[in-house]
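Pasting the structures here.
Both of the next two complexes hold chain A, though its partner changes from chain B to chain C.
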Partner chain A sequence: MTISGLAGWLPFAHALVARQDLPIPAWLFAWGASIVLIVSFFALSAAWREPRFEDERWRSLGAGLSRALLGMPAQVICGLAGVLLLGVSVYAGLRGTEAPDRNFAITFLFVTVWLGFPVLSVLLGNVFKMFNPWRAVGRAVGGAFEAIAGQRFAHAVYPERLGRWPAAIGLLAFVWLEIVYGVSGGVAVGLEPHSAAVAALLYSGYTLTMMAVFGVEEWCERGEIFSVYFGMFSRLGAFSVRDGRLGRRRPLSGATSWATIPGSTAVVLASIATTSFDGGQEGVFKGGIEKGYDWLVEGGLEKTASLRLTDTFFIALCFAGVALVYLAGVRGMASVKGAPPLRKLTPGFAHTLIPIAFAYLVAHYFSLFVFQEQAQFGYLLSDPLGNAHTDLFGTASWGIDFKVLSANAIWYVQVAALVIGHVVGLVLAHDRATAWWGDYRDAARSQYWMLAVMVAFTCFGLYLLSAANG
Partner chain B sequence: MLPLAHVGHWTWALYLPPILIVIGSVVRNKLAERSRGRDE
Partner chain C sequence: MQSNVMRVLVGIAAVAAAVILLIVLKDDGDDKSGGGEQTAKTEPVSSGGQGSGQKKEKPAIPTIVIRNGKPVGGIAEISVDEGEFVRFEVDSDVSDEIHVHGYDLMKDVEAGGSVSFDFPATIEGIFEAELEGRGEQILELTVNP
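On to the complex of A and B.
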């Protein structure tokens, strides 16, 4: 049975499903997951004595494949596709229905792109680079300037200390826009399509300006939110590009060199924190948010502003909490004999959080993705404006089948995602420790602290999910 | 009759033991190392 069209607003993060009917309580899954991590830790301590991921062992996949997938025709086609889809999203946001669930813009930007590209990036490498609409426009304009002026545009030197901080702040701002700004009168209805379109236009102007100032590739590497965010996940995968050639490397090895740019730690912490807040606002933080909201409203602040301010406070709290747990782990590692200085350790282990950020993303949003992509490739594709006037591909009457996933199946996928993500994080941490500590026994001892960090994130993640699932 | 009506509010505490056990082991290991170091 399908549900065609929704009378009310779909609870965005966790779609309508029946209650779970688990064989054991949810908290016992957290104990089980922790045992898996502890056993993994001892296995790593015993068997993993040499670093394996510091060297990518990159090998080219051949000139032919590189030409086919990375050549100018492919770049032009993918770039044009990116620009077209951004244009359709902006147009749909400005001219389409204000119902977020019926408008192409919201599902495309906040589900298909935001949740789809991390998965694609892990599997296929940094594919967003090819589809990045702002990069496509920037390169086209830069190429035209060079052709006309006979010389390259003189860009400013990017301040090295600024690093990826613009992307980290942008990531927080993006999620804030999506789940905090989009509230009204005390009820979370999601961001309005018109607001999303305006934000996309403003972001386009900002991004193209920064590309003109610092250079397209420089800005994409450091400041452009989506390039940095999706690029971070692509480091886990086996495919990468070097000097215009497509190649294959040892999986996970790309992550070890990711956090060398300042601000990278903030990017991955922001990723975990924003996903945690989105999951927690429906469960764990609900009581606190309601109390904060009531206090501000009683103090005379308008309802919408009160809810936004309270939510903002809780996002900041999440970021601080996640950062604190990680920094406590790093501090602990610094106390072990043979440890490098703290200023090297903090960014040096940031890449071990990338699998956790990915696990949190999958765990919190995979059911939403499965349900909303039915809409994306169904009624939203044929009726992008949501006004029931078009049926471009004959799928305007399609609906969403919520029965494809049971509540239990969702929970099991969530648990599996968190366990696998944290075990991978543990592996990366152990590998880095064997590279940086002279003695493998001291390296293993240093990782007791990262084990504590991983167990904390696992239990916290499962608690958030169980509270949100109800 | 046991007063179990509000037990559900405390389920969050059941997620703490694994974290506390690991942290406790880490701290115990650290203290043992320090006393070994002092003995040497």
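On to the complex of A and C.
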């Protein structure tokens, strides 16, 4: 047993995480990084010369199944469930306890939905579309307008160049709210339930307005943060809906057509950047954050504002860093003989980063999700306000069993997620290169660059989880 | 072109290998010193535990001193292996409740009083203990597998 003073002075209270992950030990870090390098060198000699994922080979799963899962009754039920759950969250946030771990709102919005839907989307397809509360309200209002006025509501034309930029900026804003905004007196205390509820209401107002202006489906495809974000992950999976019919496609093939809308590259880069910031704020960025904070406080700025500003700067820095690595890789590819023009090439490989973004999410939040879902389906379900007045399902006194995951189990999941994400990213990049370069040797040459990009991201991901990031 | 690319690749591999080596070596050093500390400190703790009836010459059980509602010398750090016992004392000048997260242990402490914790480390991970009323972290407990 050892005891010593902790050098750092800026305490980060963890509102939700009662048990934090132990850093990956050095030997596992070394193994993980070595496997990544070895796999990557094998990838250089990847055998296939014809693209395999550019064509989805979509096949319907049958009309009966489509009707049951996508028909009007299912849509109404799922839509209502979405609206109800959003309502419960807002109510719990406004009326419930301010202790984030005892209030339904925080765990539901930031863990169950934010971390749960990416996993569901990969496994089952874009299910969020069915549950999206704003889409449900928007469509109901649109339908009512049509029935009364006898004509469709005239929407404005969405500016094509704006693309998915609103979603990319929204994604950064959402994570900013989650991990930066909750500051009290120079200490990061996590977002309070009341603030989360107010933010949800503001976002609902904004989203419904945008849907009224540009149309429900148009805004969901481009501007609505959650639809775009979860939709991105659903492209990795095998199930998708075409013209109202449920079908199966070759896994990963859906990703190849995802980044055709402008701003998509920014969405996937933002996803990697925000997870990086969260993983590094108490490690590799900690010294920098403390310095920036000190500097601002000495400059006369108030403590809360100082910490928020410093964190914001570091999120921006993460985004710039991640973008720079990717853009450098694209520049490199552009120098290879037979390369398409840069403006086609830049979004052309953005989808190959989706598996990396997903791996980052799994690696960083897997244990949090497993622990916090026990709370979600235990005490938070029975006592959503967290004030011990209700016990709806008799589970209000349940706790979280932190022993369900050993440290070793968490480490292996983390390393496996990053290695698998890396391999899938390489597969998609190689496939795109074979499609875009006429000569397979040039295609392979172009991939040295993407390989360097992915090794950088994956090793950085491993580093963030390791003891070195301390 | 080909040789250029190969050079770049070899460069990347060399840098990556160097970084990995650096981290491995650095942590190995840490592990050794950590292990040394551990054996050095485990004995007095266990002997202190047995001879708890005697007057303590040295504070064998780590004591976290709270002054003005804050831990003196910053947040304390205790590191044990799973299965060992976590023992520490809190000597506080404020009255509050001490909460060890994860293990969910709570004990009240009076102003000017002290309270001791002694429990088996059954859950792996990193945990906080704080003065619950003030939301002030006083300890970071690490339980290694």
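Worth a mention:
In the analysis below, the second predicted complex is superposed on the first by the 424 of 470 C-alpha atoms of A that agree within 3 Å, B and C clash if a C-alpha of one lies under 4 Å from a C-alpha of the other, contacts with A are read in each partner's own complex, and residues count from 1 in each chain.
Keep this in mind: a residue touches a chain if its C-beta (ideal position, glycine included) is under 8 Å from a C-beta of that chain, and two chains touch if they have at least 3 such contacts.
Since the model is a prediction, treat every value here as computed from it, not as a measurement.
Annotation for chain A, partner touching more residues between chain B and chain C: C. Contact with chain C, but none with chain B, is seen for A:22 once the two complexes are overlaid on the shared chain. Of the two partner chains placed by the overlay, neither chain B nor chain C lies in contact with A:196. Of the two partner chains, neither chain B nor chain C is touched by A:113. In the superposition on chain A, A:402 contacts chain C only, with no contact to chain B. Of the two partner chains, chain B is the only one touched by A:38; chain C is not. After overlaying the two complexes on the shared chain, residue contacts for A:460 are found with chain B alone; chain C is out of touch.
Applying the stated contact rule after C-alpha superposition, one finds that A:468 touches chain C and leaves chain B untouched.
Residues 25, 27, 30, 34, 445, 448, 452, 455, 459, 463, 467 of chain A touch chain B in one complex and chain C in the other. Of all residues in chain C, those touching chain A in their complex are 1-2, 5, 8-9, 12-13, 16-17, 19-20, 23-24, 26-28, 30-31, 34, 37-38, 41-42, 45, 62, 73-80, 84-88, 101-102, 104, 122-128, 130, 135, 137, 140, 142, 144-145. Touching chain A in their complex are the following residues of chain B: 11-12, 14-19, 22-23, 25-26, 29-30.
By the touch criterion given at the top, residues 1-9, 11, 13-14, 18-22, 25-27, 29-30, 33-34, 37, 189, 336-337, 399, 402-403, 406-408, 445, 448, 452, 455, 459, 463, 466-468 of chain A touch chain C in their complex. Residues 25, 27, 30-31, 34-35, 38, 284, 332, 335, 445, 448-449, 451-452, 455-456, 459-460, 462-463, 467 of chain A are the ones touching chain B in the complex.
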